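First chain written, first letter: the chains are A, B, C and D, and each begins at residue 1.
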Amino acid sequence: MPIDVSAAVVSNRPLSADYNVVALAAPAIAAAAAPGQFVMVKAAPGLDPLLRRPFSVFEVLRDSGGAPSAVSILSKRIGRSTAQLYDLRPGDRVACLGPLGRPFALVDAGTEAWMVAGGVGLAPFMTLAETLRARGVAATLFYGARAAGELFYLDAFRSLGVDLVLSTEDGSRGERGRITAPLDRRLAARAAAAPVMLYACGPEGMLAATAKVAAAHGRPCQVSVERIMGCGLGGCYSCVIPVRGDDGRFHHVRSCIAGPVLMADRVRW
Amino acid sequence: MPIDVSAAVVSNRPLSADYNVVALAAPAIAAAAAPGQFVMVKAAPGLDPLLRRPFSVFEVLRDSGGAPSAVSILSKRIGRSTAQLYDLRPGDRVACLGPLGRPFALVDAGTEAWMVAGGVGLAPFMTLAETLRARGVAATLFYGARAAGELFYLDAFRSLGVDLVLSTEDGSRGERGRITAPLDRRLAARAAAAPVMLYACGPEGMLAATAKVAAAHGRPCQVSVERIMGCGLGGCYSCVIPVRGDDGRFHHVRSCIAGPVLMADRVRW
Amino acid sequence: MDVDLSVRIGSLTLGNPIIAASGCFGYGVEYAGVVDLASLGAVAVKGLFLSEREGHPAPRIVETPAGMLNAIGLQGIGVRRFVDEKLPELRARGVTAIVNVCGTTLDEYVEVSRILSDADGVGAIELNISCPNIKAGGIQFGCSLEGTYGVVSAVRRVTRLPVIPKLTPNVTDVASFAHAAEDAGADAVSLVNTFLAMAIDVETRRPKLSNVVGGLSGPAIRPIAVRMVYECRQAIGIPIVGMGGIADARDALEFIIAGAAAVQIGTASFVDPCIWPRLLDGIRAYLSRHRIDRIADLVGTLDTRALDNEWISS
Amino acid sequence: MDVDLSVRIGSLTLGNPIIAASGCFGYGVEYAGVVDLASLGAVAVKGLFLSEREGHPAPRIVETPAGMLNAIGLQGIGVRRFVDEKLPELRARGVTAIVNVCGTTLDEYVEVSRILSDADGVGAIELNISCPNIKAGGIQFGCSLEGTYGVVSAVRRVTRLPVIPKLTPNVTDVASFAHAAEDAGADAVSLVNTFLAMAIDVETRRPKLSNVVGGLSGPAIRPIAVRMVYECRQAIGIPIVGMGGIADARDALEFIIAGAAAVQIGTASFVDPCIWPRLLDGIRAYLSRHRIDRIADLVGTLDTRALDNEWISS
């Protein structure tokens, strides 16, 4: 059951000139959110911009007693709403509806989880990594960005026991180039009998490339897609993506309710 | 020559739950403004609200060297823009165009100046009082408001040597009722040979009443009218008010450039 | 004071005048977890053809100043699956369902309407002759007086359900279309559907919607929609269901005073899916404050006497 | 790179495509202290009848979501006083003046145009057959194909000045009106004028404008206006002057890519009277970045090839 709250900003931390992490006091959403789910946020009242925007739940924050108290979102500034998110000050109010969408399907300890993140596509993996760790699943994060300055929260993932494989487009940290290159090599090196679940989030081109690599190595892959969303609740049919149905044909499915997590081999990229 | 500046908020002081005074760093406007002129302000960028709003120049503020550095506006919250003005924080930027419009015609020391303010209609009289004092003109402020809590800056006017006559609708301070009542009595008590210039600003009903009182006593009266303005520059013809021309007939004049100060006996209320 | 919010449209009585707009609320069932569906006056479900449709590729929406464009292309499950899979749940939840009916031909409108008439739990038929986003049908009917008259009278013949043609604002004289609909036997008209519009990505010089053009909705269009409702009110006697950019109780009241008996909320429910109780409370408070017992007494009460100061000759 | 921003409209060449919109910039001279008037491509002055007009009483404007309504009622000093009192100053300041011509009858349009043709310093005539705010004339001509053809051809006969009929968006098929204008000998068309609209004060149940209805302008209408320019571009060969909600260089480019040879700025210049250099700089920067030498090469270059993912059958 999604809940709509007028959430107070607990904190807003700039990570770079474009990235920030804003924490919103929303205990009920924090308590209910599963890894891969998102919230629909309106960063400021009024008509400009008009619509809410979807953001992955980045962290579930807890009060001193350990109870979920807030969710944070990792935002990259690309337009009006993300600019407003960047400028929020503690105490400001943000309309926040969630948790929404189909979360990642979790694996058990027998399977390794390889998370593949492109840029701000890192967002859903913090809660996924936490949840997997609690299940005893060994996890690796393949994380690509434009430059070293845009690789965030590495220590947090490390402290969750996640192995890191990094790449940057300019080579300023990790391997130079796309993150799918090391992913491809590691999959090739991996024994076919050792199960791996891929989880990917990032720009659609990167998701398509990851899907291809996964398919080439016969590995299952869950992707979290980012389509433009009007409502987040299945009301508007704006967020569709072509997905192969059980009838073998492609259909437009609403990625807000049938996704955002989809099986990569079903999606037509 | 009006100037358009992106002015930083120097300070923002709430006077009550609805009234505030916000100072804007705009030296060139401050230096050029004459009493009765106004500025067109956009309190926040974006489309909501879309248009600028007119506000009288309330104070001309000076730096330690005595040079004009900022203008302040006295704002009463009645809608979106005035709510934004109320919430401004130091350092915020406000688009400010001015000074605009025809100022009050000043009198010389031989004539007394009686200023008549209704509510936020107080705004243009602070600079007028200062200027009149510099010219050695004896000044009285007739100031009516809803309640004692909405009578502001009395000490400031007193320290400019202005006599105060107050009224409130609820009788919580000064005379109970409309400010035109004491005005009428004082005009009646005044020798016809002793010249008085009336200056009035406030809601249109109050201006019309003041004009009537002035006419009854044969006193000249300047009014600062407040029509809804689209541009403030004579471009849109939105701000018209019917004014008797030299041909004896009424014409729609643009109150942003032919006003906001008009001779009361020319206006058709 | 207890106010009477009920609204009559033909044989149908709505508990209140607030309706979820077609295409903006799925089939209603999607919102069961978020909204008390039975508290709405009605739910207008997404437009339905005879068969399933995939609609247009993404991108299907783009935000514009105080509005949005959509070119969904009427994706839908078809009327039969709707009747089998969705209608029972709506009925079970006590929802008054207004079904938005589409067609590429006159026969399709008639056939879809017939199927709905035979089904259990349909409150009314809203004839979508105004969708700007599909090539055949829809707005082709809605942009010609004969087309409008033809569809409405043909559907009228096959159903006892209230028939509510939904008019397009993309015409010179919307009141003449309302009039044609009334003549053809409509129980009410609803308006407005979206305004044909487009947006261009100047960097790529390509349209922002895959369909090139789409329909503009949201607060941006409200002043035009209110004017159209007002014009139709002068032209017809049947009730008007007004919509276009309603985002709060005051906006809804604006339509009602202009002449709408009921209103629909589309775009604003994306921004605020829990808008419904706020709208109803606002309307109730307004009626109490103005000592109006029945919402019906407010409909079309706009006072257009010349303003006091209208005196200068021009 | 030095880009060529010049625009040809009939025999007239504008230095650049940025024009102040009629009714939003007085007679131009009001802005002499704020704007370098000669830097504009042209100034379209407020609509003029043969004689003076007082227009409608206040309130004449009201803000709406991302837009505004106006019902000025074409207050103006009449064409003769304009020629005597304003035109000389515009000429002296090097302004290209486009004069917006109004009429309550066909004869009045012709007479005003004739007077302007005899005057010194008029760049072009913009025929306002689209004002929604006056009872007689204006939109009556603009809402009928014969009316449009009639006014344009009559004016065409009495002047060598470029004739630019200004079209109303309040019609079903704006392209057919553009076509009629072209047939009648227009040198260009300008569009859009405002959308007929209204706003109601729900507390008093009275219209917010003294004239009851007014014209909607501003960013709210931009997506509809762009679509109309695009439709007209497919229908006619003469240049289009596009407008409706342009507030920055990107918006202007959107119209140009849709098919406008030049653009006008109205409402946005109220918000930002010093918008002009910013618009021109933005357009110049865009052309340089995209290695386009002449603005003329950008006009109507919208690429509507189906998007890559248009593959699902519907």
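Operating definition for what follows: a residue touches a chain if its C-beta (ideal position, glycine included) is under 8 Å from a C-beta of that chain, and two chains touch if they have at least 3 such contacts.
Because the structure is a prediction, the values reported are computed rather than measured.
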| item | value |
| --- | --- |
| Touching both chain C and chain D (chains) | A, B |
| Pair joined by the larger number of C-beta contacts - B-D, B-C | B-D |
| Chain whose Cα centroid lies at the greatest distance from that of chain B | A |
| Centre distance in Å when chain A and chain B are each reduced to the mean of their C-alpha atoms | 55 |
| Cα-centroid distance, chain A relative to chain C, in whole angstrom | 36 |
| Whole-Å gap separating chain B and chain C, where each centre is the average of the chain's CA atoms | 47 |
| For chain C, residues contacting two or more additional chains | 54-55, 57-58, 65-67, 218-219, 309, 311-312 |
| Numbers and ranges of chain B residues touching at least 2 other chains | 47-48, 242, 251-252 |
| Touch-based graph of the chains, sorted into line, ring, star, complete or other | complete |
| Chain D - residues contacting chain C, complex | 53-58, 64-67, 69, 73, 75, 143, 170-172, 195-200, 202, 204-207, 210, 212-213, 216, 218-224, 226-227, 230, 245, 250, 253-254, 257-258, 286, 301-304, 306-307, 309-314 |
| Chain A - residues contacting chain B, complex | 46-48, 80 |
| Chain A partner contacts - residues on chain D that touch it in the complex | 65-66, 309, 311-312 |
| Residues of chain A that touch chain D when the two form their complex | 47-48, 242, 250-252, 268 |
| Chain D - residues contacting chain B, complex | 23-26, 30-31, 33-34, 46, 54-55, 57-63, 65-68, 70, 72, 75, 218-219, 267, 269-274 |
